[in-house]
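Heads up, the thing below is written out as structure tokens.
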Amino acid sequence: MQYQSQKVAMPYFIAAIGLFTGQILFGLIMGLQYVMGDFLFPAIPFNVARMVHTNLLIVWLLFGFMGAAYYMIPEETESELFSPKLALLMFWIFLVAGALTIVGYLLVPYAGLAQMTFNDLWPTMGREFLEQPLPTKLGIVVVALAFLFNISMTILKGRKTSIALVLLMGLWGLAVFFLFSFYNPSNLVLDKYFWWWTVHLWVEGVWELILGSLLAFVLIKVTGVDREIIEKWLYIIVAMTLITGIIGTGHHYYWIGTPEYWQWFGSVFSALEPIPFFMMTVFAFNMVNRRRREHPNKAATLWALGTGVMAFLGAGVWGFLHTLAPVNFYTHGTQITAAHGHMAFYGAYVMVVLTIISYAMPMMRGRAANSEKAQVMEMWAFWLMTVSIVFITLFLTAAGILQVWLQRVSETPLGFMATQDQVTLFYWLREISGVIFLIGLIVYIASFFVEGETKEAA
Amino acid sequence: MNHPPQPHFVRPCTRIWLVLVVLTAVTYSIGEAGLGGKNVMLFVLAITLIKSQMIASYFMGLRKTSPMWRIIMGSWLVIVGGMIASAYLMGLQ
Amino acid sequence: MSQTFTKSMARNIFFGGSAFFFLLLVALTFDTMQVLPKRDHRENITPAVERGKMVWEKNDCIGCHTLLGEGAYFAPELGNVYKRRGGEFVKSWIKSMPTKVPGRRQMPQFNLTDQELDDMVAFLKWTGEINTSKWPPNIEG
Amino acid sequence: MPTPSITLHNHKPGAPPGDLVIWLFIFAELLAFGIFFGAYAFSRSHHVELYNQSQLLLNRESGAINALVLITSSYFVVRAVAAIKQGFSRECANWIAGAIGLGGVFIVIKLLEFNAKFSAGISLSTNTFYMFYLSLTVFHFMHVILGMVILTAVMLKARRGGYTPEDHTGVETGASYWHMVDLVWIILFPLVYVIR
């Protein structure tokens, strides 16, 4: 660690891992509710568990992104953060607001929460992933603006690298497209159309800029490959991402009342969306193979390579699987979508945040890398979590294929619940994989507490 | 200018250009004549692929590159041409 | 040999390409906005439909159900539920929740008023009449 | 060598002219257009009558003239590369200027064509044929504009004497992209305007 202010990243990373654990626990609750319908009912109905599961995911990834930015930007710009105090203040505001929101979800019926938080004045709640009450949404905007101010000012006064620039664009885009979450017209078609401007343009647009720059940063550090080469790759990858992903939004506009030409635009461009992910995989392996130094942090390198592969599989391959309009006609809104969602989020965003944490945490604790023992444990955690997410994905895909077959394709279609009863076995298998994922996560957290011989940070 | 005097020299690329112009005119006149059907389609498609290959080889300079590049470009042309032809034939039924 | 197509050219492709395709998205969105009135039959959005959407959102229905295929996959698709079951069935179903059948998936009791139930049905009826390009494939959703 | 191996490749013999990066994009673009061409063709096979009727209403003259314009423009760019290989910067810049001028001609003809279609009330939702016709041609149109921007940058640098017989990758890079734009029209024109 070369700059004192980088250390503000630490609480962000700790909070991220804490919320990650919460997300997994609620995932397991939901998984069980899939097979034991009345589990924890009426204390935690499924919709509440799901809201907590997905909102925690978004919030902890945001914590991870912010922590990553606070860690990377001083090193990239070669100057201290504009205001570490502001960063710390925002951390607490965001954490408290997030915690209050989750507590609100769990303790108050949703309609009551809407009542309490002035949803009637400006209705924005009750839409998938954007369930947050109005005050929380406004809080996110305030925190994001303060954060962006802090980062932008740091970049303005320091060295301007391509990695910092791409990261900054990604973060600004994140803030700008979030504004569409405040637009909720009474026309459902319009509502859905612009809802995707937040959701799609986040995860298949600007977030990928953040993903790319985090990965590029860690690769420079652990491989020692020339910055010029890595940054050129970064530009090519993010260019391809936006070139394919922006019009790729069309793959959400097949069946929601939008004109039919979207079936063509959506199919063609989202068929190309795997390309940037494939390039990312090639990029990661290529850079590691051309490494000019042996960085002691093997775990971080493993996470970086894993991000490339899993993002390609989850976002690229599983996305392509059901993105063509004629296929999507049958798979839209089934477990296939859930399968893709799990592997894509894990492979792209969870893993890249864990990559930067894996690289930065030892640095902030005053060493170049963790002890051999701690690293071995972290790598165990890597494999446990990664393999179990692969299995979750495979089981959900199997469940989805069966569901499509019985409920959509068949000459004598079964009803929704009758179909669900037929695929119970896969939901059980998914839940078992989920438990293994949790074990992996526990191993991961434990690896932070393993002592041993370490080298001082350079 | 220090070009050596070559009064009757026509550059290869100029010849290519001329051929391309003529072939385009042929395509256009087929359209003007309102011709259609399988054989006409195959003829027009063949002209198109020849033109494309000429652009790729001579203008883009792929003929001087390693086989990999020529294979990529060639298979793109074959696949696109194949798709167009087979889709057309499907439409006849 | 020095290169002219270096990082700065890759950056130009990034900026140019992003702007190029974002403009294309804006243009297509503009066209979509022109076409939508023909497909979403917005002239039928009555105050009841508007209130029904609010009821839908305030109870986080999307947390279990899908609506036009978007949402959670825990409970049935409701975009076509009006056609599948009819308005009266939907109302009595919501009122009789939860079933409390052991081991079965449970839907909470939301204590909706008669007015809210009517609004919800109006919203679901309107939603079912959006032109969704023939999706879902069959009535089971 | 101040910055060794900046780029992805160092002009190995057998590599295509221009920087490797542009070839990555050329093939990505060709892939996108290829998928669109295939989609057009297969969609046509389901609506042969509709396509044949709608095609009659297209302006084949403007399509053909534009094909000739682009072919000639491509030829100019070939001459520009040949010129810079012999060290004639001025001549190279002039050929490129000619190519850009022809690009402008293409754009004007295309705009007239679009104008006629739009004022006839044709839009993306008129029918599937027009959806493809407009998508493909507008998409290609935007590539022409992009290609002209690239060529302009190359021309300005050539005019300043920024290229030499030993170092003219920039010219070849711009040229390769421009040929791609030409190549796409070479296929698009017969596919959409002629084959029936």
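Read from first to last, the chains carry the letters A, B, C and D; within each, the first residue is number 1.
The rule is short, and it goes like this: contacts are C-beta pairs under 8 Å (C-beta built on N, C-alpha and C of every residue); 3 or more make two chains touch, one makes a residue touch a chain.
Just so we're clear, the structure is a prediction, and the values are computed from it rather than from any experiment.
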Inquiry  = Please tell me whether A-D or B-D has the greater number of C-beta pairs in contact.
reply    = B-D
Query = Among the chains, which one keeps its Cα centre farthest from the Cα centre of chain A?
reply = B
Centre-most chain, if every chain is reduced to its averaged C-alpha atoms = A
Inquiry  = Measuring centre to centre with CA averages, how many angstrom lie between chain A and chain B?
reply    = 47
Key: Intercentroid distance (Cα basis), chain D paired with chain A, Å   = 38
Message = Using mean CA coordinates as chain centres, what's the gap between chain B and chain D in Å?
response = 15
Request  = Between chain C and chain D, tell me the centre distance in angstrom, where each centre is the average of that chain's C-alpha atoms.
outcome  = 40
Remark   = Where chain D touches two or more other chains at once, the residues are 6-7, 21, 31, 124-125
Note = Touching at least 2 other chains, the residues of chain C are 6-7, 10, 13, 20, 24, 28, 31, 35
Key: Residues of chain B whose C-beta touches two or more other chains   = none
Key: Pairwise chain contacts under the document criterion   = A-C, A-D, B-D, C-D
Task = Spell out the residues on chain B that touch chain D in their complex, using ranges where they run on.
result = 11, 13-14, 16-17, 20-21, 24-25, 27-28, 30-32, 36, 41, 44-45, 47-48, 51-52, 55-56, 58-62, 64-66, 69, 72, 76, 79-80, 83-84, 87-88, 90-92
Request  = Write out the stretch or stretches of chain C touching chain A in their complex.
outcome  = 6-7, 10-11, 13-14, 17-18, 20-22, 24-25, 28-29, 31-32, 35-36, 39-40, 42, 45, 49-50, 53-54, 56-64, 66-77, 98, 100-108, 110, 126-127, 130-133, 135-141
Note = Note: in the complex, chain D contacts chain B through residues 13-17, 23, 27, 30-31, 34, 37-38, 41-42, 44-46, 48, 52, 60, 64, 67-68, 71-72, 74-75, 77-79, 82, 172, 175-176, 179-180, 182-183, 186-187, 189-191, 193-196
Remark   = Residue positions on chain D within touch of chain A in the complex are 3, 5-8, 21, 24, 28, 31-32, 35-36, 39, 43, 124-125, 131-132, 135
Note = chain C contacts chain D in the complex at 1-7, 9-10, 13, 16, 20, 24, 28, 31, 34-35
